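Sharing a structure with you now.
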């Protein structure tokens, strides 16, 4: 039988003992496990960023995977700890919006984790990842029924991050920059399909501040090195990039900046 | 049978080939293994920091785990290489203090690794991690008796870092900041229990430079965002934090700064 | 049976979803796998650096390992994707020179990956790592014959990085700095043996800019803390180091700087 797969998405950084502690607790709980680092460098307490990374990664994992997501600024407060089952996968983490896209699916079921017999004892008020979430994740990865974790709660009772959706205004489609990646590419909330529908088969332009990009490219290699382009990223959203360069650095465009899509005059 | 678990704690960083080399040697030695990164971003040659991370992580791992700890400024000198057995776990690394807390336990046994038949050949004078420690760790993880590694040596003969212990002076308890974590929390050498005993059931204050914190909190969520607090960290020591913020950045407090605990007048 | 071993060498960084996506696709393809991070912090699009790290790590892994190397500035252009078999190991990545040292071996066989039935569908024009390379690597790790990936191509048809070789000129041997490592050690393209042959049993000096090092040391511990030395690194090349310090920082020597070896007058 395969070792269970448990992924980790945290803001613990690489230089402290927290990541090692978490892995130790998981391995102790399971005997063995295939522990997969998604990332430990979520900016501290940035639930929104963690939500994006997890939403972008989890669907590519096998169905039985358990995803442990610990970005938990509310540790020690009354915020709940959740266990979710969504599309055959299992998620464990705080009720702070980190699971928003999964909570938006009708088929997702949610438990409030309250079964103290599963916890390490005593529970530290500052590290529920170690004392509650990791032991519960280990048990779930080992095959425990999710109903053992506590009591079912309605999806609607859980914290969800407000979606940052593009909107139409005055004949323009207005989106925004959600993130910049390791290459300096600027990732937006504009779905390619929505931009194409908006464009109606014609050419569209993208305006960010004073910069204008005059069409949607399909690959980096379409244009000259150093040129600013808009193209579709690997998740199906519009991305602003500089061919062979770092768009964030070159343009000064940052997270939250508006991206205005217009139909080109013909 | 489970794959053996081998953890890695190094100062190799993430950008060179050294981590890959180490993992390759371990996998070649064992056929397969569950290699767990604790961290590779110990500040270069910072044995004290590595010692803290390993001491904080190792106890959470299953008994049969092998911990390979390579922060080795003395590589190529006459410093010894050690193999330890402590609380059922195995440790391999240089004799430079990195194993201090384990060497302080009566039940720990120590071998000086001298059995050249276990080494890669030739041994590079600059990378004993690859040529001595990893092959020895792989053999130990595979079940080899620790007595095969060399000859037993007294714990007392091994390098130990001097403990940075709090002390009482003039009716005050004086500790210091040992580290700052990824969140900017300042971690001290003051055990919660010692502070509570010192306080005798009354209220204590913490003074660091000109800053005063007027009590021990139990969780981050006790206070307002931005407030400076003292609380108990997940290892049972006092930690200085800013609620929802970065205490190191906000206060300028750094490693080595004194933390003075006083009983509050009643 | 052991889980297949797949190593990852990428420039994806640690903060995006790309690493998680890659691991998810591999695990989905294989059920399980021992996924080994060599590094994800290759400087963005630095094929030369990736080539060095992979060449330095891969030979230490067991024969059946699959190495997935994704530094791919040409993604979406007409650059080919390759699968190599070299010394019993398998490599998958873009045809951009990242596999240069393996392509230089007569016994290496190379396939141009063209079998679309192995790909994810649709193939994103910006993330061939996810849609082509990872699924192909998973199949190869699972035992698929490399001939299934596409059609064999001559090694000579593949992109190779020009070797930066030392040369002799005016009675001197001239090399250069290839990289600096996490410790600030400066790694050169000068093989120890070539320097020794050049020296003919006598003493050699190393000159970098205005700095002169008056002999080849064998270990860091030969000299005083803070002293600038030349010694042989763990790959058999000359390295410039500062004992207990950071040579790059202290000297200002950088990548590309010339290292001139001279025979000392006797």
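Just so it is clear, A, B and C label the chains in written order, and each chain counts residues from 1 on its own.
The rule is simple: a residue touches a chain if its C-beta (ideal position, glycine included) is under 8 Å from a C-beta of that chain, and two chains touch if they have at least 3 such contacts.
On a predicted model such as this, the values are computed, not experimentally measured, just so you know.
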Next on the checklist: If more than half of the interface residue numbers appear on both sides, call it same; otherwise different. Which is it for chain A and chain B?
Outcome noted: different
Next on the checklist: For the two copies chain A and chain C, what rotation in degrees overlays their C-alpha atoms? Round to the nearest 5.
Outcome noted: 120
Checklist entry - So, what's the distance in Å between the C-alpha centres of chain B and chain A? => result 31
Checklist entry - Residues of chain A touching 2+ other chains? => result 3, 14, 34, 37
Checklist outcome for this item: In the complex, the residues of chain A that touch chain B are 3, 11-21, 23-25, 27-28, 31-35, 37, 44-45, 73-78, 124-127, 130
Next on the checklist: Going by the contact rule set out above, which residues of chain B touch chain A in the complex?
Outcome noted: 2-3, 5, 7, 9, 14, 34, 36-43, 49, 52-54, 56-62, 65, 179, 181-184, 218-222, 231-234, 239, 244, 246
